[in-house]
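We call the chains A, B, C and D, going by the order they appear; numbering starts again at 1 in every chain.
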Amino acid sequence: MSIDIQADPQPVINAGPERRTTRGSSLMWLLNPRMTAGLIIITIFVLGSYVLPFFCPVDPSQQATYMKNLHVSGKHILGTTALGQDTFWYLVFSIRNSLTLGILVGVGITVISTTIGLSAGYIGGNFERLVMLVVDTFITIPLLPILIILGALIRGNTTFLSVGAIIVVFGWAWGARTIRSMALTLREREFINMARFSGANTFHILVREIFPYVSAYMVVGFINTILFAINTEATLAVIGLSKVEVPTLGSIIFWALNYNALFTGNVVWLVAPIVATVLLFLGLFLTSTGFNAAFATRRGVA
Amino acid sequence: MGVVQYIGKRLAIYIAVLFLGLTITFFLPRMLPTNPVDAYIGQIQSRAAGTLTPEAITNLRASLEQLYGLKGDLLSQYLGFLNRVVLHFDFGPSFAYYPQPVSQMILSALPWTLTLLLLSTFIAWVLGNAVGVVAGSFHTRRAAAVLEFVGILLYPIPYYILALSVILLLAYVIPIFPLSPTFPVGDFSLQKVGQILYNSFLPALTLVLAGFGWNILSMKALAVATAEEPYVTFARLKGASHWTRMVRYVFRNAMLPQVTALALSLGTVFNGALLTEILFSFPGVGLVMRTAASSGDYNVLYGSIALSIIAVATAGLVIDLIYPLLDPRIRHR
Amino acid sequence: MIRLKNVVGSYRTSRGSINAVDDVTIDIPDGCILGVAGESGCGKSTLMKLIYGDIVPPMTLSGGSIEYGFTDERGAPVTSANITRQWFNRIAYIPQSSMNSLNPVVRVGSQFLDFPGPDRDKRRVLETVKAYIVKLGLPVETLDAYPHQLSGGMRQRVMIAMATFFQPQLILADEPTTALDVVVQKDILMLLMDVQEEMQNTIVLVSHDMGVHYQTTSRMLIMHAAKAVEYGDSESVFASPLHPYTGMLINSLPTIGDDRAREGIPGRPPSLWQSLEGCRFADRCPLATARCRAEEPAQLDHRPGQFAACHYAGETPEKRGETKWR
Amino acid sequence: MAVILRTDHLNKVYRLGSLARSREVRALNDVNLNIESDHPVIVSVVGESGSGKTTLAKTLLRLVEPTSGTATIYDKTIAGKGIHPPKREFLASVQPIFQNPFEAFSRYRPVDAYLQETASRVAGLGRDAATDAVIKALASVGLEYADVRGKYSNQFSGGELQRVSIARALIPNPSLIIADEPVSMIDASRRMIIINLFRALKEEARRSFLYITHDLATAYYISDFVAVMNRGAVVEFGTAREVMSDPQHEYTKLLLNSIPTTRSRWRTRPTLASA
């Protein structure tokens, strides 16, 4: 933002007191169409998958509860699986478990990547170089082969949560990289020097000066990490290397594929989780890009 | 930064990434509570219904440890591992296909993976960026919003969902392509090539779609930002045509970060390719890994990981080395 | 002669519409360097866009007309409607930041070729370009270089070469030397004056630096809050300004060797969003009277070819109490 | 007489590139300045971009460590290899004013937070005394505390915000205030408000200023002493009047000759009375 010299393409620059916006507590500015659509989808999914299970009559993963491969009916909204489970209830639990995993992993990764990224970017020097080398390695090496070998080794002896832990171990690098590059540019900004000459120490600068600029990205990063985590677990589950006994968006597809849902004509078993996944991912993605766009517009970037 | 420094720095990172990647591959599985030898012995035990004598087990364990390079302390194991992988490209024999060497198995699967991956990545990159730059250059028009929506719809969808949707649509609802593809092996003939192409269409389409969405979105954002640059404004004020501005000004500049991004996202792209291979039974490295994982063929798994890391890191290196040819600011300094 | 008649340039925003250039009427004689001065936000850059014909939303030419006084290839008069076809042909533009106005990944030479010229043979054009840039004091190798390999001064020379290559009748330069150091600035301004003297075309030069105007221009337009407040021969505008704002602008910064105290101009131009009555400078003017606040002054020629929009412009300097701002 | 500012063989060499092909840029080339006075003074450092004037400012602010040499401000050595003056003491004696006031405050914090912090952390005042100091500092630059309190940087004009920035620098009563191009981002018609404020603060608040600028005319207007820098070296130093009216060094002459003044023309311009 410059005050002088620059040409005056927007005469608003010199407009008087009207330009002075006051900081309201209203968050309405965030609600662009994308974000609104995304939030609506997410709300439906979250409410549906966390509230509905209280009304579920049986354990949906229990096999042979009902007749196998029943068609869609009033009693079984999405029919039943080849294992005699109600597809609808199984799907509801799957969404809930996947979301829970995503949120837990998202929190873990956001905390780790923010801490590492901020400190690397701000402290700099050899510490930064070393951290970045590790980050670049984690970004460059393909994750799936490693997950496959880990999955093959721990299959059967694992809990659902340890799958999440593994995803955290391999998922923090992208966020750390982004936050570090933000911290790197912020470090050169004049207000950091201003804070230093106002007596602030490194901790104050990280928390009060740099963090607010990074926090908007953290929201975006958090949502993207949920996507990443759900996707990764599901990917492992689809090829049978996660804890497939736990209903998730991946394991439901694993069972459907394993029992040849397409050949037996139980298409709903396969299509329902696909539609649910696409909608959920679209909702999360719309929210994160919508949030990003809203923030950029507000800062006058876009 | 001159070209020499640029290349030197990039090579140093390459070596460091390879080293770190291989080290992680080595240590991670060893930090787990189970190890392949126990797992395998357990498997044999249960097959033999517990009739194995302790001596037989000890013998078996010793030979297995020899086979997997698990002899000695961690450090000598590690040095042995690096020595075999880096200097001899040797991962020992496969267990399931004993005594076929792992390196041979992987190397015969590699051309399949590389062809599928390179071709689909290239197509996705070119198509996605072309659509992205058009959407970005005309971002005020309605048609551009439609193009971007395609990107938004495609981008967040996981590979496995794309693969299954493609199968559902093009092999089940409209059965033009095979539900369970088969890939002929052995000598090549014209008919076989045709069959391979036919069967490879759906996996390739999956990968193209996945890369397409990402490229549209990121190119569109870059193109919009680039179009705001003073040099594009000046080109417009010079009277340069729409086409000249879009191609020579916006695309030429916005392409550079896209190339860098491609190098960075290769790992993800590779993951997708492996998964797609598994879902389509495409005879590449992915399928080899899947088979090895279910039969507990750990040498093959280690080998595939090491090879994957080398392949992806090398591809990234190649892209980064091409980069100075595209950006004169690095080439001429 | 370029005639601007009651030109109004507005921006349409979600908050409504404002006139960034409001009712400007001037005749620009052929073959002069016209300086445009005023504080940021006074409308000088918008005026340049209007003259150049770079009228894109949210900006519009919402009133008045611009006659260019020259004709296109087919002999039809050029107007705001078809001026864009004359870009870098009859009319050219030199931007402020030469640093960012050249494509960083394309050689300088080929950037001379990507606008439509009368000659389609690129090789022949390039030969002419070579001869031309040498004449402007640039080495031939400049054409093979990428922009980042040139110094700021060389880049701005390249911009001038590009803008003057087709011998346009009108050149618009928007703060062409703001980003440069004084020594290079002098070089560039001298070059611009040389080129103008040789081609005898018209240059409109926007600058916030009254010194630059004094050194280069033959006519001056002073703008304040979207209005043209004074217009006349530079000699006369600098020697005896008619509008108090002009005088204050000239004297707002110190000069070496002159020890009088300087105050700058108090206050700020009024916001264009509010409805404005009377003289827009009244709140900042040491001479303002009740009449100034109530009645908008008209543009009146007080000397031949020099007008000012001030109720008291006709009075003698002593009577107006000019010492108050000089 | 007190030493207001002294630099002894101050050098700063930046190394660009790496081992393979390195290039050295001498941003400061043996800078020796010695300014002694009993009264507060305004010293201007003038030069073009790349002259090293900003590096000099950064070195004196300890934002850049010199390659060799030392710098002394009011009899205390504050910069040099391995020299670490106590942080609080240093901040209380040297304070900066930055070029772009909008860059100098975080968009997410009210500007008075920086003033409060300076008063409590640097000047070491208690809560109420700190607020008093902020009010007093703002008053000395012509601003009311009530108009500043709780506001964010985008709610000010450039000139106002630069005055807030100056008020902050005044709070710990520093011996020297270093202002790096403090008016270059402010509209030409209002620059003198800030420039005159420096002069008034020198007289009334008895602060010394180091004014870094490319603008020789304002340097002439407010300075007691002027140092002209070119390619990292001080090529001419003296009182403002001496340097500007009787330049000795060729470079100073070139600079002075290149300024577009409104007093005499480089060459005659055709008038249009004939046209």
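Assume contacts are C-beta pairs under 8 Å (C-beta built on N, C-alpha and C of every residue); 3 or more make two chains touch, one makes a residue touch a chain.
This structure is a prediction, so every number in the text was calculated from the model and none was measured.
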So which chains are sitting against chain A and chain C at once? B, D
Looking only at C-beta pairs that count as contacts, which pair of chains has more of them, B-C or A-B? A-B
Can you identify the chain nearest the overall CA centroid, using each chain's own CA centroid? A
Chain B and chain D have mean C-alpha positions lying a whole-number Å distance apart equal to 54
Can you compute the centre-to-centre distance for chain A and chain B, using the mean CA position of each chain? Integer Å is fine. 22
Measuring from the mean C-alpha position of chain C to the mean C-alpha position of chain D, what distance in angstrom results? 32
Check: chain C positions touching at least 2 other chains come out as 39-40, 208, 268
Where chain D touches two or more other chains at once, by residue number: 157, 187-188
Residues of chain A that contact two or more other chains, please. 3-5
Spell out the part of chain D that touches chain C in their complex, as residue ranges. 48-49, 157, 187-193, 195-196, 214, 216-218, 220-221, 244-245, 254-263, 265-267, 269-273, 275
Spell out the residues on chain B that touch chain A in their complex, using ranges where they run on. 13, 16-17, 20-21, 24-25, 28-29, 32-36, 39, 152-153, 155-161, 164-165, 167-168, 172, 179, 224, 264, 266-268, 270-271, 274-275, 278-279, 289-290, 292-294, 296, 298, 301-302, 304-305, 308-309, 312-313, 316
Can you tell me which positions in chain C touch chain B when the two form their complex? 52, 54, 84-85, 87-89, 93, 95, 97, 100-107, 114-116, 145-146, 148-149, 162
Within the complex, chain C is touched by chain B residues 229-231, 233-235, 237-241, 244, 248-249, 252-253, 256, 326-329, 332
Please give the residue numbers of chain C that touch chain D in the complex, ascending. 29-33, 39-40, 181-183, 185-186, 189-190, 193, 208-212, 214-219, 233-235, 238, 248-250, 252-258, 261-265, 268, 305
